Amino acid sequence: MDINFHSGNFEGSFDLLLFLVKKHKMNPLELRISEITDEFVEYVEGMDKVDIETTSDFILMASTLMEIKSRMILNPSREVIEKQEEIAKQLYEYSLLKETTEKVENLYDLHMKEFDISIVPSFSREINDSLPSVFMKIINTVKQEMNLRKRVYRITKDLYSFSKKIEMVKSLILKSKRMRIRDIIETSDDKLEAVVTFVTILELLRLNFILIDSEETVVINEAYHG
Amino acid sequence: MKHIMAEVEALIMSGHGLTVQDLMKLSGRNRNEILETLDQIEEEYSHENHGVELKNVAGKYSFFTKAEYFDLVSKIRKKSVSDITNSQMQVLAIIAYNQPLTLKEIEKFRGSACTNQVKELISMGLIRRKRDKAKKGNPYFYVTTENFLKALGISDLSDLKEEVVENTEIPENVRRDVPQES
Amino acid sequence: MKHIMAEVEALIMSGHGLTVQDLMKLSGRNRNEILETLDQIEEEYSHENHGVELKNVAGKYSFFTKAEYFDLVSKIRKKSVSDITNSQMQVLAIIAYNQPLTLKEIEKFRGSACTNQVKELISMGLIRRKRDKAKKGNPYFYVTTENFLKALGISDLSDLKEEVVENTEIPENVRRDVPQES
């Protein structure tokens, strides 16, 4: 067994102690200090004494172990047995902590590599799960209309804001009092504007500015306009 | 052969519709291997102890829940597109028309807060957010999804884009203003 | 029995994390049926011809791609990785195993100061502090969060503790004498 350990091999004295306990197939809680003290001291003596702070921790532990060992041989009093038990308990806690850290690290690394998945519900029905049918109908009308006219579609980013559109549609309806939804939508230049126009109609309905007359026609709400 | 199955399954389940080409490129397998594997997976999931199945829709492979479990599964899909409210539709239209937009820009358009509408629209799968790392402060932008087009009955916007690009009457500088779908 | 498997599979695959309760309610099956079915599905997907697996994360069941296909799947999916340093991991483990703990208690366990690590772990959402008003001086206690379970992909803390105690290779009779931390 190579005993030329640098202090870096063990983070602290408990690491070395745990290593020796495991090497001797000892249970941390049934620690028999007398059996491992010599080895512990040997390791500490072989350490590079560069990092004073770390090595002092090892030296302190070594002297504690040596003290317990000699007293165990000479006079195994209640007090010295308790001292050994105290170290055993600390060692056990330390081994749990070490094990937990390793476990947490492993689980974290593993789960980092797992992606959650989600499946789309049955696709044939998925298509039914769409915007209200009237919306669909209108959009399709607009689509056909536009294909027919083969307009030049130019998407201009800032041509219509929603509020502008509301004003436009309002004045349109105010003028004719009664309009087919399709005719209102047809004032749009492209598909996306059609969406905005349609939403505008919905908003005016919500505000009670207009009422639906039949499924395809809206009228000015006379009550609203006094 | 077993490992290919697992590979292809993992890819398709975590992707959003992959073509045979995609699968070949991603896994480094040849066409025959992929086709054979797809057959095996299809066979495996056709058994009645599975509630999902592999389907090829327009050349793209995805898993779908089986039709017979539709009613069951729809119980957990709380947010259905058909439940869309007017205010949500308003926000949706603003995003559709001006995308990409930050939350602030949407609120400026609408003149009122719309965090909730945006969240609901995301959960309905109609919009999604993306981050522009190039921009200062790494802001989130909202754009419509493919689902949105599907819900509208417009399968994709590419015809629109193409028409713009093909039309030579549109000057370069205008063309650059066309919002790009990602 | 086969149909339950398909039902539960369809539900979990299209849901975003479902508890046993959710599954009972949605399927109208009793607890034992659900638990048994979950076992069967887990068993089925553990085979090497599957690239995804069933997991209970923080009490919710979801499917995940298996870790061994990480390189493959990461070609189409991105995961934001937050690196945890060794010392942060140590502090996290101390809290996970012995919570709730005050800062002083954590530092006693570790043998050195760890204010910074605690701060970082809070900002990562892996731990949080809470106040025990019943205790003298109103001290802050640190506990792990649900996010911690999610980050580790485990159902609850007992998963972690059981395995740790098993691995320390201490005979049953001795283990019982170990003072239990609350």
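Letters A, B and C name the chains as they come in the text, with residue numbers starting at 1 for each one.
Keep in mind that, in the parts below, a contact is a pair of C-beta atoms (placed from the backbone, for glycine too) under 8 Å apart; a residue touches a chain by one contact, two chains touch by 3 or more.
Nothing here was measured: the structure is a model prediction, and the numbers come from that model.
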{"item": "Chain nearest the global centroid, as defined over all protein CA atoms shown", "value": "A"}
{"item": "Most distant chain from subunit C, judged by the mean position of its C-alpha atoms", "value": "B"}
{"item": "Cα-centroid distance, subunit A relative to subunit B, in whole angstrom", "value": "21"}
{"item": "Interchain centroid distance [CA atoms averaged], subunit B/subunit C, Å", "value": "30"}
{"item": "Cα-centroid distance, subunit A relative to subunit C, in whole angstrom", "value": "13"}
{"item": "Sequence positions of subunit A contacting 2 or more other chains", "value": "115, 117, 119-121"}
{"item": "Shared interface positions of subunit B, touching two or more other chains", "value": "13-14, 52, 63, 65-66, 69, 73, 77"}
{"item": "Touching residues on subunit A, where the partner in the complex is subunit C", "value": "12, 27-30, 89, 92-93, 95-97, 99-101, 103-105, 107-108, 110-121"}
{"item": "Residues of subunit C that touch subunit A when the two form their complex", "value": "10, 13-16, 52, 55, 62-68, 70, 73-74, 77, 79, 81, 84, 89-90, 92-94, 96-97, 109, 111, 151-154, 160, 163-165, 167-171, 174, 177-179"}
{"item": "In the complex, subunit C residues that touch subunit B", "value": "2-3, 5-11, 13-15, 18, 22, 26-27, 44, 48-52, 63, 65-66, 69, 72-73, 75-77"}
{"item": "Residues of subunit A defined as touching subunit B within the complex", "value": "115, 117, 119-127, 129-132, 135-136, 139-140, 143, 152-158, 160-163, 190-193, 195-196, 198-199, 202-203, 205-206"}
